[in-house]
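Sending over a structure as structure tokens; questions will come in a sec.
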Amino acid sequence: MRTTRFRILSLVLALGLFVLAGCSAGPTSTTAGTTTAKPAAAIKIGGIGPLTGGAAVYGSSVANGAKIALEEVNALGGLQFELKFEDDEHDAEKSVNAYNSLKDWGMQILCGTVTTTPGIAVSAESFKDRIFTLTPSASSTSVIEGKDNVFQMCFTDPNQGIASAQYIAENKLGSKIAIIYNNADAYSTGIYEKFISEAAGKNLQVVSTTTFTDDTANDFNVQLTAAKNAGADLIFLPIYYQPASLILTQADAMSYEPKFFGVDGMDGILTMENFNTDLAEGVMLLTPFAADATEARTVAFVAKYQAAYNEVPNQFAADGYDCIYAIYEACKKAGITADMDAAAICDKMIAAFTAADFNIDGLTGENMTWAATGEVAKAPKGMVIEDGAYVGMQGGN
Amino acid sequence: MTFLSYLVSGLSLGSIYAIIALGYTMVYGIAKMLNFAHGDVIMIGGYMSFVATAHLGWPPLASVLLAMLVCTVLGVVIEQLAYKPLRAAPSLAVLITAIGVSYFLQNAALLIWSSNPKSFTSVVRLPSLKLFDGQLTISSVALVTILACVAIIIGLTFIISKTKIGKAMRAVSEDKAAAQLMGINVNQTISVTFAIGSALAAIAGVLLCSAYPILMPTTGAMPGIKAFTAAVFGGIGSIPGAFWGGLLLGLIEIFGKAYISTQLSDAIVFSILILVLLVRPTGLMGRKISEKV
Amino acid sequence: MKLTKTGQKRLVSNSITYGMVVLAFILVQIVDSTGHLTSSLRGQLVPICAYIVMAVSLNLTVGVLGELSLGHAGFMSLGAFSGVIVSLGLRDMVGAGPLRLLAALLVGAVIAGLFGFVVGVPALRLRGDYLAIVTLAFGEIIKNVINTIYVGIGPDGLRVSMSDQASLGLGETGTVILRGPMGAVGVDKLASFGAGIILVLITLFIVLNLVHSRSGRAIMAVRDNRIAAESVGISITRYKLTAFIISAALAGAAGALYALNYSTVVARKFDFNTSILVLVFVVLGGIGNIRGSIIAAAVLTVLPEMLRAFNDYRMLAYAIILILVMLTSNNDRLKQLRWRFIARFRRGTPQQEVDHE
Amino acid sequence: MNNLAKMVPVPSRAIIPERDLGSTPILEVSHLGISFGGLNAVEDFNIIVGRTEIAGLIGPNGAGKTTVFNLLTKVYQPTRGAILLDGKDTAGMSTMQINQAGIARTFQNIRLFQALSVEDNVKIGLHNQFKYSTLNAILRLPRFWDAERKAHDQALELLSIFNMEHMANDTAGSLPYGAQRRLEIVRALATRPSLLLLDEPAAGMNPSETEALMANIIKIRDMFQIAIMLIEHDMRLVMGICEGIAVLNYGKIIAKGTPEEIQANPAVIEAYLGQKKEA
């Protein structure tokens, strides 16, 4: 057997080399992951996010949103961008690999990563390499902490937790609160922790706290029964919309009808293919983006997105879209050209992003500004689902 | 009352595990291989039913039949292309191939149906059952799942013990060479086993997605591993073992969550599994391995 | 000592294995110094080393001991997190990075080895697929439990909590090392390719020396024929445990090396899929073939990166390659063809090509 | 051959007492029995084997001969009865401990370590003769080299009993059938037993090979001064070298005695004839 495997390995090696040869010979920009390669003077933007595996939906959405923005920006005829979006399978190791491979390609600005854990690993690298980084949706403060070159397009998790607790307290949405969160997920746990400490200060009574993991995210009867038995009239769901949709379905099946309050990860629930939107009736959420908002910018984006991908964009797609525009505006402001090196671009971009007069109107917020820490300032919109559509909540800020 | 509702949830989840575990255990009993792609056949079954009902507007039952048909064909094709050439190969080689097939199915599904999760409309469209003045609500899906599982185990036991192909299966699982000498077509028997296992996977897929209505390319992965665990729990290769192993696993998972900790529910399930195996090293219903000296 | 024929062959074979690793290191250094090393490859050097150690150590369990383990990543996880805790815990006391790395590797190995013992004692009573499922279960338990653990360093030393960060009670001055599902954040990147290569060499030294010794023979005897091994007075439990613990400890060291290469590490990384990934290295490299494991780990770590050109079809291509390699390597007709081919070059020694699997 | 002199003095056959009646027997088995699922596979088995005796255990197929060996080596734990080895009770011992206490065996269906070399197979037999720790092995300390050298020399010495030194580097699985049987005997001898159990040592051998084997069995007994108990169907071998014979049928001893006595025993004849009729 010893010799057998050797031949096999050389076979694998040969295959690998073949692939490598194939990639250097062929044009790299014809496949789906790369778009709109302009022949000259395009600034190279790298994107990283999960395109395969369980978290693929987030990465694909960001990539698709970013591509739409990129086409629009390039069509303006001014600054030209080239985007290459690499898969990281929601894994820190693969994400750093993707980052290095983008560096080989000549990336000048990084739009990534989509998810938090890879984001922490990659931002440490980009900080060291001085490559300007704007993450669409990696929401943990650890992503930006101590790194002057890393900025966020989304709210940080603590922000969301605090805002949710304040919102519920101020609007007296519930007296007894149950929480169901994903204790194997950084995003969910991050929001939960801030919510619970903020809730204590606001005299919100948390009567039940239950968890699940990605591996047990199918049966929620136990969690719902616990909440019901504790007499909870509001369930706070700092989780993504897929498990949330299961929770809504199962609560309905057991005829339990509390109020549900979600965070930005809840967005997407209405546009999930084949989802019975009746179940989401009355669900409240804080989100910066709603696909069926009537404002012109959103309407145009949603139409374009649907035409291109046959799907309704979610908040991640909007984040990706806004990222490209923010980068575009900052580049214009800082006078960046394609021939500058990444480190030079990085310094100029930091200056541009933190400048007092730099603000962006995007799909996910009006008048967004950035602090030197990298945190974005924008107002979350309180939404409630009525008749299968988002409606701004009264009293929302 | 709460206890009863947990019991029903546990039985329903356990029934799904049991149906998947049956597929694992049958294939293991006869081909002596761990078919790690089994979980992904479940996912394909779910998508088939989804496409039939949501896109083509077929009635639920027709969609189940379509899922069974496609999965049966898929199971046999996988067996012929990927596993049959490896019949004489070391079992680890087959295991790795099965993992390759699993990756393949997941990524093919990703390309075909995209990563966006689909919301599955339950194929069981009956109202929930309300007992004790509405204090206990049992969803119709849970009931159908449990009944389906019991029906399947009865049907399967009948096939195995009474029919010709069932006898062939038993013979092949006992001793391949002897079965061949007795004129049994071993390859055909293995193919039929894969066909039955895959058809069961389709049913499991539809029931899984009906009870927990979300469909993604990775939907089958975790239930697949849990069901594999259940099969070993019950004694791999044993059909009643898969049934009881599945049910118990579902119950332990739900009760562990309910009465011990939701945070550590997986740790609880797997710890109990280890404890059981220490007491009964070949699972609950597994046959004792005796070595001829 | 006068070498026997087998001894000479062994020496040559081992030298090739060590030489291959050293040569790879030198080659990479040369390419790097001329500025031709891509960032992509440079970034993968440390994980490649970690995976090589994983593959070689799993091969000790699967190939030499002959027991299937589906939870090897669990030991890697233990090593990774204990290594991170040690390296961060020593940050104020020990300034030198290499020393902290060494401490992390050692503690990672010891902790993983200890758990290897705890898991091994009951698990090794089981056989075949039942042992495999217990190792799988162990890996899942480790993942689940680490997801709920919070560790921090306060003024009065290490603090551990199972509920949340706040309950650590660290106050203003403390640092949180492990934050449940968020894992460890702010890890110092202490690992380097040089350290990785040294760990690979040490691993090879340990495994090769073990295999070619009294203990190694006893382990293989247990694998080949349990009853015969007992009948010549070999303690089955003792040698199964020896192999299992060494295998676990090496995986722990690999985990520490791996974790200290990234600024963050989460428990989810070391799940069933990672265990399977390492198992694929072992099977493709040849069960029991240490050198094969090294090559397979290196090639299969780099391969998905090479396949990036395929974009969306990347993982599909990986799956197809995996299946095809298994099919072709186990195809009898191809095997015979190859034997004939080899026989033409090595006339006279056909019996050495005896297939043991 | 001069190597062998170092190990044990080679006595002449003459000094071996016929059935060493003077000293304590090496093996005393009384009322040994085991049941499988209510069926008595071996029942009320009593036997005494002298220190340097060559004893035979014969009987028709399925009589329970190998089961007796498995009971003696604790592959099966006996349901009833006692086994005294060199006067000491072996109750509660495992197969491994039995071997360390002095019983070694070969197997009816050969159980070699197929993938390993011939030399390694013998060295595995020497496992408890030349000890050093795993740490010694990994760090290659002087103790390792010393023990390995001794083990190597000893392995070749033992192989020389059957003139197999030249095969030392071959893979055990690649040896011809007869050589594999001989290797199993060498491996068992390497454990320094005081009682050697041979399960059908001549199976599959041609008459001239059997002839050589008979001489070798006697040579082994003389050289190592040990008792040998063998199961064998080849009556020429059994009658030729065994000093005492026990006949087993349906798990029970039906006759005991010298070869001459056994050959004349009507119960034995019937057992064998009866069996022939059935076949």
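Lettered A, B, C and D in written order, each chain numbered from 1.
By our rule, a residue touches a chain if its C-beta (ideal position, glycine included) is under 8 Å from a C-beta of that chain, and two chains touch if they have at least 3 such contacts.
Here the structure is a predicted model, which means the values were calculated and not measured.
**Q** Chains shared as neighbours by chain A and chain C?
**A** Per touch definition, common to chain A and chain C: B.
**Q** Hey, which chain ends up farthest from chain B, C-alpha centres compared?
**A** D
**Q** Going by C-alpha centres, which chain would you call the most central?
**A** Per-chain C-alpha centroids ranked by distance to the global centroid put C first.
**Q** Roughly how far is chain B from chain D, going centre to centre by Cα mean, in whole Å?
**A** 50
**Q** Which integer distance in Å separates the CA centroid of chain B from that of chain C?
**A** Distance between chain centres: 32 Å.
**Q** Please report how many Å separate the Cα centroid of chain A from that of chain D, as a whole number.
**A** 73
**Q** Indicate the whole-number Å distance between the mean C-alpha point of chain A and the mean C-alpha point of chain B.
**A** Chain centres of chain A and chain B, defined by C-alpha means, are spaced 34 Å apart.
**Q** Hey, what residues on chain A touch two or more of the other chains?
**A** Residues 51-52, 183, 213-215.
**Q** Can you pull out the residues of chain D that are in contact with at least two other chains?
**A** 75, 107 - these are the residues of chain D that touch more than one other chain.
**Q** I need the residues of chain B touching at least two other chains; which ones are they?
**A** In chain B, 107, 110, 263, 265-266, 293 touch at least two other chains.
**Q** Which residues, counting only chain B, touch chain A once they are in their complex?
**A** 2, 5-6, 9, 13, 50, 54, 107, 110, 114-121, 128, 130, 134, 137, 139, 141, 208, 211-214, 216-218, 221-223, 253-254, 257-258, 262-263, 265-266
**Q** Please name which positions on chain A make contact with chain B in the complex.
**A** 51-54, 56-57, 59-60, 183, 210-216, 218-219, 221-223, 225-226, 229, 242-243, 245-246, 249, 253-255, 272-276, 311
**Q** Considering the complex alone, what residue numbers of chain D touch chain C?
**A** So the residues of chain D touching chain C come out as 73, 75, 94-96, 99-100, 104-105, 107, 111-117, 119-120, 123-125, 127-128, 130-132, 134, 137-140, 144-145, 147-149, 151-152, 168-171, 173-174, 187-188, 190-191.
**Q** Spell out the residues on chain C that touch chain B in their complex, using ranges where they run on.
**A** That would be residues 62, 68, 122-123, 125-127, 129-130, 133-134, 136-138, 140-141, 143-145, 147-148, 226-227, 272, 276, 279-280, 283-284, 287, 312-313, 315-316, 318-320, 322-323, 326-327, 329-332, 357 of chain C.
**Q** Would you tell me which residues of chain B are touching chain C in their complex?
**A** So the residues of chain B in touch with chain C come to 28, 34, 82, 85-86, 88-90, 92-93, 95-97, 99-101, 103-104, 106-108, 110-111, 225, 228-229, 232, 236, 263-267, 270-271, 273-274, 277-278, 281-283, 286, 289, 291, 293.
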